[in-house]
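Have a look at this one.
Every chain is named by a letter (A, B, C and D) in the order it is written, and numbering of its residues begins at 1.
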Amino acid sequence: MMKTILLTGFEPFAQSDINPSWEVARALDGWRTEQFIVHSVQLPCVFGTAQQAMIHAIEQYRPDVVIALGQAGGRCEITPERIAINIDDARIPDNAGSQPIDIPVAAAGPAAYFSTLPIKAIVQNLSANGIPSAVSQSAGTFVCNHVFYGLMHYLATKQNPARAGFIHVPSLPEQAALHPGEASMALADMLHGLRLAIQTSCSQQQDIAVTGGQIH
Amino acid sequence: MMKTILLTGFEPFAQSDINPSWEVARALDGWRTEQFIVHSVQLPCVFGTAQQAMIHAIEQYRPDVVIALGQAGGRCEITPERIAINIDDARIPDNAGSQPIDIPVAAAGPAAYFSTLPIKAIVQNLSANGIPSAVSQSAGTFVCNHVFYGLMHYLATKQNPARAGFIHVPSLPEQAALHPGEASMALADMLHGLRLAIQTSCSQQQDIAVTGGQIH
Amino acid sequence: MMKTILLTGFEPFAQSDINPSWEVARALDGWRTEQFIVHSVQLPCVFGTAQQAMIHAIEQYRPDVVIALGQAGGRCEITPERIAINIDDARIPDNAGSQPIDIPVAAAGPAAYFSTLPIKAIVQNLSANGIPSAVSQSAGTFVCNHVFYGLMHYLATKQNPARAGFIHVPSLPEQAALHPGEASMALADMLHGLRLAIQTSCSQQQDIAVTGGQIH
Amino acid sequence: MMKTILLTGFEPFAQSDINPSWEVARALDGWRTEQFIVHSVQLPCVFGTAQQAMIHAIEQYRPDVVIALGQAGGRCEITPERIAINIDDARIPDNAGSQPIDIPVAAAGPAAYFSTLPIKAIVQNLSANGIPSAVSQSAGTFVCNHVFYGLMHYLATKQNPARAGFIHVPSLPEQAALHPGEASMALADMLHGLRLAIQTSCSQQQDIAVTGGQIH
């Protein structure tokens, strides 16, 4: 049966006028194969309303797979996140000027949720196809983690069996050109990587047992 | 009332013949003030048995505060960890040759536990005293995180009210001298930092509301 | 008058089966505009013979501008080098197994030569066009610096007025995919960057006065 | 015969109120053994006058060995510099507000001078004694390089046979505590390292042939 993929990206934030996560999501909106179709939605970079926009999109599209994308300026690779944690701790204000410190995402929620995407298989598939990729053990404590946790908590609460997770993408070259020393990745490579990640998320039932851990 | 502090450090691992976490714990063993006394215990760098040694020490000393220390080679700062996650994913074998991949620390445990140490107050106190320090959002997925999760899970399961958490220390200069490009910290500064961290853990009831988050 | 550009790249080295410097040079071989034509030559990654191949190519093509390219694995940006130094100090063997330590490139040569390319204008032009770029203060002490010094020394000795210098390019994504944590740049962006660098080297007579320095 | 060592350090710069290079020099002022005596002098962090203060000190003390120290914020190790280059290119203003861009240190001077300290032997000795150390291929283009070049040019011009060079030291822990992510080294370890470097500079006639190079 045809699967529905919900792909989200963020609006620009932190003085940038572009966000690679949305550039990727936008470019893949409407992509369909015999196995799936992709619907893309932009989220505001705002605590609270970003989560509400995510939930609204899930209710609208009833996806089988949800992949939330965000920008991780400074990282070299496409990084599927392993875990979402129940905390908002903002080093900078969000796009609405809010800067929560050590506030739970969901007051009664558990401390964390693991991604249900096959993150090891995704990393292996991207790497094998020449796209730098690695598992990340922390999605941070800003709006990315907030949306990731909110997504997993919503699905758990609703007993919604959709597979879901978060993937960070690096800065684009035109962003890094303004920040000497910052790594970047071309949009074409991000798109190649995300296409592979979507396919793997649809086809790979169990994740594979290869290490993606960190000593510390 | 006099508080009892349990401080643990690890035996050496990964080709090193010294582990700064144990050097710190050993040097502070028996340290007492009017407020507390410190008992230090060495843990093996082995999945499973490290946790058992921790539990044994808790049952022996009945501490009010437990601070587990570990080495984070490459980090510049003393880093109180925010959260322990329910996964073992070993990039290298432990000292008994075991290398679990994506195995829960506790099969029926929750996804994560937050540290109950006042991590923001510790970082603020160390920084104000000239000791580089920062909150870390990930304790990795090796034996350090394993012990941290096991510690928090044991206390939660036993409804033991002890305050507990994990603090990573950098490599020592003599270790970094063998690994060009690796940051380090002098043992004297680590000891200064850990003394402050122990005092703050005893005196600071509620953590303070200052940011210690990451964008990603 | 039509200018002749000599562009060199290296054969693969250090366990890699591809070298981005040659991929760039090869792709631009024969590129011509109304102002210039590009001739590309591959150099061996071997002390001594790399220099001889460079000199042979200069004598063959009699270029107005020489740009030698090399790979700088780990760098994020396209980095025009400021200076070539008169030393070979190899951390690894070259492709012929030679590993000189603290041997001058040219026994009677001066300590160093500055690039005569407009390195600041190149960096400014690339950055303005969204290609990450920065001045580098050191081309290392391996075959890249060896060729760079040999090139400048040859031109100086022959009183050859050709403009010349060295530009390092990052790893390609398919290389970085095998080395977690290594930055990379897409070949298309490298080509865009080098086209701009060649045009700037032809059109910009004097370099511009913008900072490209380092504190240390 | 008793040797005279001139050791220089800089006054604080760039918003810091301390400079580890001067803390080290100050602490070693007057240190004497049967082989040598150390005289320490503070240099202003100002283009031009820093050089004049260096020359004045050489004329006053007539040293056999000159070691100029500077701070390299962000580096992990004590780094003897290999080469001084004939360029001032300031990314920030000096302490007098001057910010030269691409101005030669000495209008008629050569492009560069190599250190005449036994830099490989120094690195080996420090590393063997547990003090992180590495050869650096670039002293930057700010006041440190300016003083280093000026020192070597003065000695060359005067045919003064004194051995001379520049060594960068990391930030102090109390500086790094204000700059999250910055590596540091304890003052005691810097002093240990510089004592070894001074002894090696007096006793080691020829440098040793071990690699201290960089690929790029």
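FYI, a contact is a pair of C-beta atoms (placed from the backbone, for glycine too) under 8 Å apart; a residue touches a chain by one contact, two chains touch by 3 or more.
Values in this document were obtained by computation on a predicted structure and should not be read as measured data.
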| item | value |
| --- | --- |
| Shared interface numbering between chain D and chain C [over half = same, under half = different] | same |
| Most distant chain from chain A by Cα centroid | D |
| Computed distance of Cα centres, chain C from chain A, in Å | 38 |
| Computed distance of Cα centres, chain D from chain C, in Å | 30 |
| Geometric centre distance via CA averages, chain C-chain B, whole Å | 47 |
| Sites on chain B at which at least two other chains make contact | none |
| Residues of chain B touching chain D in the complex | 76-77, 126-134, 173-174, 176-178, 180-186, 188-189 |
| Chain C to chain D touching residues, read off their complex | 14, 70-73, 75, 82-83, 85, 87-92, 99, 101-102, 110-114, 120, 137-142, 144-145, 168, 207, 209-216 |
